[in-house]
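Note that chain A is present in both complexes that follow, paired respectively with chain B and with chain C.
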Partner chain A sequence: MAETVVKIDNLVKRYKELIALDHFDLEIKKGEVFGLLGPNGSGKTTTINCLLSLLAYDKGDIEIFGEKMSPVNYGVKKRIGVIMQNVAVFDELTVYENIDYFCGLYITDKATRKKYVDDAIAFVGLEDFVKFHPKKLSGGLLRRLNIACGIAHKPELIILDEPTVAVDPQSRNKILEGILQLNREGATIIYTSHYMEEVEQICTRIAIMDKGSKIAEGTTEELKRMIKNTETITAEILQLPENVREQIEALEHVYNVSYADNKLVARCTGGRHNLIEILKILQENQVGFGSVYSEQPTLNDVFLEITGKALRDKE
Partner chain B sequence: MQVFKTFMKILKTRLTSAILYLVIFMVIAVIMADTAKDNNDYEDYKMSISVIDRDNSAESKRLQDFIFSGSKKVELADDTDEVTDAVYYGRSGYVLYINKGFGDKINAGDFDGLFENFKMPSSYGGQLFESRLDSYLSSVKAYMTAGESTENAMELAQTAVSQQVKAELKNFNNKGGTGMPAIFGYYFQYLAYVMLSMLIVTLCPVILTLNRKGVRERTMCSSLTSANYSRQTALGASILVFSIWLLFMIVAIIWGKTLNVKFWLACLNSFVYIIAAAGIAMIIAQFDLSDNGITAISNIIGLGMSFLCGVFVPQELLTGGVLAVGRLFPAYWYTKANNMLFGMSGGVFSTKEYLICIGIEALFAVAFFAVAALLVKQKREGDVNSLA
Partner chain C sequence: MFSNIFKYEFKSCLRQKAILFWLIAFPIILGCFFKMAFSGIYEKDVVFNAIPVAVTNIEENDILKQVLEQISNSDEALFKVTYTDIDKAEEMLKSEDIKGIIKASDLSLEFGSTGIQQTIVKTFIQQYKTQEKIITDTAKNAPQKLDKVIASLSEKISPNEDIPLHGNPDITIQFFYNLLAMTALFGSMSGLFVAQKNQGDLSALGARRCCSPVNKLTSITATLLAFHAVEMICMVISVTFLRFVLKVDFGSKLPLVYLAAIIGGITGISMGFFVGSFRIKEGVKISVVMAASMTCCFFSGLMSNTIRGTVAEHCPIFNEINPAAIISDSFYCLNLYEDYRRFTVKIISMAIYTVLFTLGGYVLTRRRKYASL
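And then the complex of A and B:
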């Protein structure tokens, strides 16, 4: 059985009247890429800050690598790498100097540090920019520098708090690939995001948070199995007669039908031939249709079904 | 020593502002040194005047008595070339022609068309002389209207117009006879302003950069102990403070050459003061200010404290109210000790009073650092309770 790297027990954090974390539990095993998914304000960053002892909490216990976490547990801190949501580097230093500074907060041996800094630069692909100052870097390169500063000391546990916010798709993919590479090299990853696609793409296990509580936890497949919806069928139809709608609703595995903006959306639970059955009804009733497609449930569907609201605001 | 090295690297980017202050200070010091050389001399200025008397009457002679009682007489013949040359080459500042019939006109009470003149255009001296002459003639006219004879009226007018304001030049330099150049007093005096300003524009941005949100959080997450972090920051700050002080002392040693006990006491005074100034800079560094904010604060505190404490205006000339407020700042005690050492602003050296001044400056330093430490603690606790 894999070693437990992070164990959070019954964590409570209040900001005056607001409960930011409400009896929150979590256990993360070695080698996992663990995703903390939730909308803005759900308590992801508060959890991370409590975990790092940057934030005092009201109740609960946090253990990392089997030791109680505290602001002075420098032994544990040495094994953790942090990549914050906002880029946190010195504008006055070059790319190399920045990585060297943050690596030097953990690694005192000069030769080892030099090797680690070079490795980190190569890992994020900033070899051509070592003498650049952060202000001269693009947003994507700046994010890469931010990551290099957090991982240069080769930590065993890496915490990434929304590292892809405001990053272009190309840089985002590079960052996600890098995270998986770090995991393959042996690091345990905690990844917070409100982008469900990213979490689905890289995380081995996911906890969905809302209003400071964990509302679901498991692998992507486990989470999807938790909900009724197994398939969503969408068809573009100019005019849907009421009797046709009733026939679709009467199908065994269809539990919800809606029609708006010339779009028929049928949600199904179980059943293997739902799309064929719906198309058959449309043809029998000579109802013309445009594009038709079937979608598997997403984490957003999971979140929607559990909380009754979408995971993220429309962007 | 990562934090210390980074402290120094960030400091390097801030040196331009410090050098700017240094250059301005040195230029002012050199100008002051130049003006301080002969600032003990004062004498009443007398203008060179020539009078060409075409009337030769008793009245015109009396007028000449009046004119040369306040001016230097330059003899000139009634010759246009000679007059032109005298004015052009500056031998005479003003040539007054007394027209024929001057005496008769005065006796008749007619004051028009009495004179002609030749002078440099837009000459201030000429205007001053004409103004004096007008006053004299107005007085003569007034006395004659009051019933005095022409002779009496001219005598009385001369007495009235020749009344002089007694001028006194106050000297704030070296009354105590320190055996050091007068400029030394000013040099050390202005250090109160320049050292504080230099510290604010260099130390504050470095501390602010190291404490920037995000960077500070990353440092707090690292395995570097907070004690080690504080030690490295303190080392960087100490080196900066000591370097600024040493720089000014080296300049003083090279410049002054005459180094006696009082010079070394002035050095000690400035050393204790710069530590108090560092305390002020540390307090300012705890507020999240922009570069412009730091410059503004540097000007407000630096200039404000200097004016209230007698750095720019001698303490002897400040009112009781201003001095009472000034006592609440270390610059007042620094300046007071400095005045004693250099015999400036009525200061007379007394070991006991000097030590009191140094002691109060040291107490200010302790108090400022205590407040700065308290703010650091509050800020850290605030972070721990209000992140996210």
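And then the complex of A and C:
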């Protein structure tokens, strides 16, 4: 059985009356890419800050690498790499100097540090920008520098707190590929995000958070199996007669039908030929339709079904 | 780790344009303005030579004549007196043979220009007016004590205590002293950044540092020393520019002027570090530091050379605790006093401030976990 890298037990954090973390438990094994998914304000960053001993908490225990985490547990801190939500670099130092500075907080040997810094630069693809100052970098490159500063010392546990916020899709993909590469090289990853697609794409296990509590945990497949919805069918229809809607609602595996803005949405649970059956009803009743498509449930559907609200605010 | 933090903090600080502007460019620019503004009224031959004055209608004031005789015939003569009529006196004033006219009949004064010598004449007459009754009574009732009374009058304005015995007595040099004091206190801005950078709840950089395996004391000390080093460079540049480019005469103890400037700069940084360690908004802290620096400089005489006297008169303790006044006084003491006692006191005062501010900052930043971020 894989070694436990992070163990959070019964963690409670309050900000006056607001409960930011409500008896939160978590266990992360070595080699996992663990996703903490939740809407803004769900407690993801608070969890990370408590984990790193930046934040004082009211109750609970945190162990990392089998040791109780504290602000002065430098042995454990040495094995952790942190990439914060906000870019934390020196504007006055070059790309190389920034990475060397942060790597130098962990690695004292100059020769080793030089190699590590070069590796980090190559890893994030900033070879052509080593002499640039952060202000000259684009948002995506700046995020990559932020990542390089956090991982240059080759940590065993890497914590990434929303590293792709405000990053273009191309840079986002590079960052995600890089995270998987780090994991392949042996690092355990904790990844927080409110972008469900990213979490689905890279995480081996996911905990969904809301209002400071863990509402579900498992692999993507396990999470999707927790909900009723197995398929959502959408059809563009100019006019949907009431009797046709009733026929669709009567189908065995359809449990919810809605029609708004010329869109019919039928949610199904189980069944293998739901799309064919719906199309058949439409043809028999001579109802014209535009595009028709079927979607598998997403983590957003999981979140929606468990909490009754969408995971992400409309952007 | 320490050397690595020091190296990069030093580089980072040295590349901060705002810091370089306020610590190097601004004092140089202001110094040039001062030089231009004061070059016309620069006086070197004041105080120590007897001030030539003309006295009119002396026959109407015997007591004044006695007083003037006594203080102009002593070893440390304050005035070189010419008794004459008003027309002649005015002619002498025009041709700058004398610095002022004392009209004995009503004790009014007339000057051709303003300056420290005129101020001394004015002060003398004011003193005389306030003590005229005592002098008159003494002359009548105990003439044997008159010498002592007159001596006490002249002592209050004579160069035996407050007016120096050597060095550059130019009154405008105070502005340059205060300019250096201001530059030193502007170091508080960089001290503020030191605190910000090391606090996990004040900046993202601080949070990242708190996650690293570096002891907070090590991190703060290395950063503070790096900023001290930059401040030191800035102060050396400022003093060098004032002394060798603008030819400001700081007296003969230039190495100690550099020392005082450097220690003043360190005091400034520690002040900023202390303020920066409070958990309040950055903008508020910047405002507090700037306002405190400017207020201290204002009351030490950066904008007006009379404000120091006013403060000394109404709240003398403020001049003793005002960091800007302490820094500018250290230059003043060096320039004008032979002995180092006063200078040493000022340096010790700065050192005490530095230690208190730095310790205060450490205490405020020693927190390892934060209630909120």
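Here, the second predicted complex is superposed on the first by the 315 of 315 C-alpha atoms of A that agree within 3 Å, B and C clash if a C-alpha of one lies under 4 Å from a C-alpha of the other, contacts with A are read in each partner's own complex, and residues count from 1 in each chain.
Keep this in mind: a contact is a pair of C-beta atoms (placed from the backbone, for glycine too) under 8 Å apart; a residue touches a chain by one contact, two chains touch by 3 or more.
Just so it is clear, the structure is predicted and the values come from calculations on it, not from any experiment.
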{"item": "Room on chain A for both chain B and chain C (clash or fit)", "value": "clash"}
{"item": "Which superposed partner A:M84 touches (first chain B, second chain C, both, neither)", "value": "both"}
{"item": "Which superposed partner A:V12 touches (first chain B, second chain C, both, neither)", "value": "neither"}
{"item": "Partner chain in contact with A:L93 - chain B first, chain C second, else both or neither", "value": "both"}
{"item": "When the two complexes are fitted on chain A, the stretch of chain B hitting chain C, from 20-28, 56-64, 110-118 or 128-136", "value": "20-28"}
{"item": "Chain B and chain C footprints on chain A, overlapping residues", "value": "15, 49, 52, 54-56, 71-72, 74-75, 77-78, 80, 82, 84, 86-90, 92-93, 97, 100-102, 104-106, 149-150"}
{"item": "Chain B contact footprint on chain A (complex, rising order)", "value": "15, 20, 45-46, 49, 52, 54-56, 71-72, 74-75, 77-78, 80, 82, 84, 86-90, 92-93, 97, 100-102, 104-106, 149-150"}
{"item": "Residues of chain C defined as touching chain A within the complex", "value": "1, 4-5, 8, 11-13, 15-16, 200-201, 203-205, 207-215, 368-373"}
{"item": "Chain C contact footprint on chain A (complex, rising order)", "value": "15, 49, 52-56, 71-72, 74-75, 77-78, 80, 82, 84, 86-90, 92-93, 97, 100-102, 104-106, 108, 149-150"}
{"item": "Of all residues in chain B, those that touch chain A in their complex", "value": "2-3, 5-6, 9-10, 13, 209, 212-215, 217-225, 383-388"}
